[in-house]
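Have a look at these structures, which come just after this line.
Here chain A shows up in two complexes: once beside chain B, once beside chain C.
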Partner chain A sequence: MKNIFFTPKICATHKLLCAKYSAGMENIMEKRGAIEIENLDKAFGENHVVNHISLSINAGEFISFLGPSGCGKTTILRMIAGFETIDGGDIKIDGESVIHLPPHKRQVNTVFQHYALFPHLNVYDNVAYGLKAKNVSKAKIKEEVTKALELVQLDGFEKRMISQMSGGQKQRVSIARAIVNKPPVLLLDEPLTALDMKLRKEMRYELRNIQQKLGITFIYVTHDQEEAMVMSDRIVVLNGGNIEQVGKPKEIYQSPRSAFVSDFIGETNSFDGMIYQVQGDLATLQCESGQFMAKTTLFKEKEFVNISIRPHQVKWKEEMQEGFHLKGVVKDYIFTGSFVNAVVELVNGREVRIARLAGEGLPKVGQTVFLYWNPEDTVVMKNPAGDFGNMMENMDLGEWVKK
Partner chain B sequence: MEKTLIQLEHIHKSYGKQTIIEDLSLEVRDGEFLTLLGPSGCGKTTLLRMINGFETPDKGEVLLDGVNQVAIQPNKREVNTVFQSYALFPHLTVRENIEFSLKMKKVDKNEIKERVDEVLELTNLEALASRKPGKLSGGQQQRVAIARSLVNKPKVLLLDEPLGALDLKLRKQMQIELKKMQRRLGITYVYVTHDQEEALTISDRIVVLNKGNIEQIGEPFEIYHSPKTEFVASFLGESNFFEGKYENGVFHYGDAKIPVEANGTKDANLLSVRPEYININLGKTEENALEAMVTEVTYLGQTNRIELKLKDGKKVYALSEIEELEKGKKVFLTFHSKECTLLKKQEQ
Partner chain C sequence: MVKKKHMSNILIALLAILVLVFLYLPIVIVIVYAFNADTVNCFPMNGFSLKWFQVMAENKDLILALEHSLIIAVVSTLIACILGVPGAYAMYCYNFPGKELLNRIVMLPLILPGILTGIAMLTFFKALGVTQGMTAVILGHSTFLIATVLPQVYARLRRMDHNIIEAAQDLGATGFQTFVHIILPNVKTAIISSALLSFTLSMDEIPVTYFLNGVFSTLPIQIWGMTRNGITPEVNAISSIIFAVSLVAILISNMLNKED
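Then we have the complex of A and B:
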């Protein structure tokens, strides 16, 4: 399954959309909002939260910082915004270093999880607040506020008080307030976390839409892989203050460069095993649970590796398939809506997850199945456990495998 | 035969002029994992708080094992509650946190040890017993909070969005773990969440609440596949809604005739179709196929989410792995006739 059509087309249409919109929103379209992060470093006491990170963010890009709690994602965002000092390195916006500028002098605005709106002001006045403080003319303010509210689909709500609005609407007001003075960069710190799941899923597509229309740089911090996958042009996966991988959603999902990434982005089944035989680019591997095949050109016979295969790529049959010996019993089904996850227990007690679209015919719980897959769908990585491969079976690889 | 453990009968509750719950009745079965699901303000947390006694109904009864609870103090009820914030004692070890309430009750020392050992084992916390909460991950802390509740041997464990503060990844792991734990224990769980996917994954039965009313009660699969109302169909998972008229196995949407093998009400004026039950065809294979144009393709990993526009301008969402789909492509849509649901349109 090589869906090569996806990325280039999206980018092309994205630019087109931006260009189209720029006719209406003058000024902001001069390709501003490129960010250079160079060797950025930060420690809180002994806790090294950001470890010499470098990253280029393109103007007009939707980029997400993704990682578990404590990975440093929010700290980086706060350093770009100027709410946090830096210990070393540099941050440039459109070629100019901003590290000596106070937050309000930087060409960025931030949207937080908690909306921080003025409860005693109506929607219009909340959005207009920043412009009024800058002494912009009344007519100009009206024009800009109207445009911003249209963009977040709140036109008609100008007179509404904040207390009368739902969580989703409040978050839209805070986005309108953040974009009304046309910053080239918008920073978003888990802005959807406080919302109901249903609303949250809808807002993902809406945010993406707003960003495409504005054509400005969005830097989005989240711990939600699905959110990052759906919205971003590129995702920066962070772990323990280091960048694990930077890439387009599809790249990161299909070609994770570390066990951490493959485990954190979507679900995966991973096996430790030894390469038993290599024929061309097809390797036969031996592991505690049995025997299987994978595609690799990097490894030789007798080498210990870690392979991962996504739940939706695992197949099953009632009889054994050539090159595979993974026998198991269907133990349980976990229903998630569009998808059903089957839990198959292999002979040695190991569990394998298999995802199927709901509605497909599924074997019964208790039935014996033989697992196999297309060797091309596997990702094979070096197993740092080396000869101790078997010993490591029970350890959480994600925590200590680095690139 | 399944025994009823909790009965809520004709519950009414309002705060000032605002009615939160109006005449709601519900039965919780002994040993089941029941989830109260709904958007903010649907009354799910209020219901939970009536079971544990932090809230009293204006009218109606709460029965536990046949005994009316309304006059019983929260701390005297045989229920325990786990909250989103774990509220563990930071200066006590895991073991000390768990045994705290037993010590307060002056339970015999040997019995305390026995009971604490038992829950430590059940919650897979044996290895962490001598650690302090500060040295535990969020998921582990939540397990301690659950262990602390279980040690009192409650008849019911109430869980109020216990995973809300966790990372998505951890949250998904904990969902599976919670369910396994509940099966092992055989204790009744009443679980509150606004996350539909969580509810589908974790529950034996789901109660879908909206504005203080029960919209539907059922097993996850049943609720997802046979929603009884428009609200349920749209709240649990994504769905496409077509307004029209149903007659003799055909749903009329504009000029289109969509074949439907009845699932739902016969006098329907709304057809609900899940994105995974829409087939995208590159050629017009069936006479009834709807012509559409691809307007957006979003990569989801397992599959792609395709946004389409019908000729009348209506937006439709589908899931598909077809590689040739790209923006602007003309395609033809057919629906799985058995998986469509016929509904009556609801006033919002």
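Then we have the complex of A and C:
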């Protein structure tokens, strides 16, 4: 009965949607390349490299797969490209399942890690190859190749052989070779790893620019968190074939959902500790190195947790601060350009990193300092060890008792 | 110390020169005698002459044998390439049980004594009903020439950047397009060089040919027959030409192999 009552309204909405769709057709055509990964699974023998992963990628999004080597990021990319068979699940591009298609029939193009340019062809013919394989007319090929080479700022290099190009130029050729086909999705497999530091930094902005100009989906595989942070709309952090977290770069940096993420994204100091006392949303924690405070509402007393704090959020003073008991000695300073990384050794030998702007007044090496921080800056996460009672049953507490 | 080292270097150089002389002097002598004005191979020569090349050119049997040899060499080299190149590509693309074994077995006809291969083929072809003659010789040569083409092309494929195959597929090339546009140009030099080597190997092959030829003669067999009654300057002339052609072919083959 209710259904009948509601039907007219649904119809109206639907009509409205349809009207919008046709009016904005051009706009929608530009934004192709939405990808739906459903329950994707892959194992190489005993090694389960991709573990039932589901993920939605929006059209025109710059998304990074970030993780250490062996986390499955490249395998997922290769499954989208069609170079790897899948053991289970589905991959849809713009709503259509592609898993039964061979690589040459998929509407995606890849920028390979080591360029994979054709050594027997010159720059022009390399870029033109995709169109030639699809029997596009010569005039059209010339027009498109010229446009693509302009976009990567390689106009004038058409006649050069690949062996005469530098690393950065080769990478541009391989980008041009992929985008000339106007794929809705571009897959990039650690494309900047072979370049030197300076070039790598320049290319990041260029890649981001190209992506914005084309308005297509970029899936960018990298193990370099800085790269992922600078370029991406969203980052997918992968570990051991599982998605640890998906989110905007800022989200992932500021509120990592697991110890792995906080450790992998940016530098961090992490402590394993136990909640000693909870007062409102402030918890006092105890760990091997001493006692400190953190803000959390998710945990109870006697629960084991993992706490992480970024190096630039750690503060120091010569006298103890209320709620904190972390005594240490300044051991070393490491200069990294505009920042100084201080290494402070705590009483139990554990090292804490503290980042300061270079030129700030710094305590001398060997001086005793007391560490503290704003409890809101900490990220408190569940520790796999569980709670105190659990731990007593399962573990030898010798280490803990000593301190 | 320095002097001692110097001395040993000189000794090694001398030894090397002696070995080279031992290896190549006979060939030099054959070439020199080809230009001998006299009928008998003796030194010093009685003058320079090209007449033996003319005599050779007028020897109809010899020219016919040369024709046979050329046909056999060209056709069997072609067959070896047509079978060997896709074979190498298949071995490169697919992993199958016994792949390494196959890689070695393919080399067998080159390693085994020709007489063994010859007898084996004669017996086998008889059983198949292939009569001795041109076809049998071409089949025989093709079989052992694959042994030069396949491993060389396979080795080149393995040195090639595997990613370019995926890159081609990624850009929309079908398997066939990838093979023609990407694979062939990249192993082109290996194919030409192994084809040249095959050609020269086929041109001077005796044992296998001897078992399979039946009534007709190839160049090496013709020459062999002619030398039964002593070596004539005519034989020297044809030998010099074969030497020159083989040398050029092998040099080109070497040059192409060095490239990349």
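Operating definition for what follows: the second predicted complex is superposed on the first by the 355 of 403 C-alpha atoms of A that agree within 3 Å, B and C clash if a C-alpha of one lies under 4 Å from a C-alpha of the other, contacts with A are read in each partner's own complex, and residues count from 1 in each chain.
In this section, a residue touches a chain if its C-beta (ideal position, glycine included) is under 8 Å from a C-beta of that chain, and two chains touch if they have at least 3 such contacts.
All values reported here derive from a predicted model rather than from experimental measurement.
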Taking the superposition as given, does A:109 touch the first partner, chain B, the second, chain C, both, or neither? second
After lining up the shared chain so the two structures overlap, which partner does A:139 touch, if you call chain B first and chain C second: first, second, both or neither? neither
Based on the superposed arrangement, let me know which partner A:181 touches: chain B (first), chain C (second), both, or neither? second
Just checking: does A:264 make contact with chain B only, chain C only, both, or neither of them? Give me first, second, both or neither. first
If touched residues of chain A are counted for chain B and for chain C, the larger one: B
Quick check on the superposed pair: does A:336 touch chain B, chain C, both, or neither? Answer first, second, both or neither. first
May I ask you to decide whether A:120 touches chain B, chain C, both, or neither, giving the answer as first, second, both or neither? second
In the complex, chain A residues that touch chain C: 81-83, 102-105, 108-110, 112, 114, 116-121, 129-130, 132-134, 177-178, 181
Within their complex, chain C touches chain A through residues 161, 163-164, 166-174, 177, 181-182, 185-186, 188, 260
Using the touch rule from the top, collect the residues of chain A that touch chain B in their complex. 1-6, 9-10, 13, 68-69, 166-167, 196-199, 201, 205, 223-226, 229-230, 249-250, 253, 264-267, 310-312, 334-339, 355, 357-359
Under the touch definition given earlier, write down the residues of chain B that touch chain A in their complex. 39-40, 138, 167-170, 172, 176, 194-198, 200-201, 220-221, 224-225, 235-238, 274-277, 297-305, 319, 321, 323-327, 336, 339
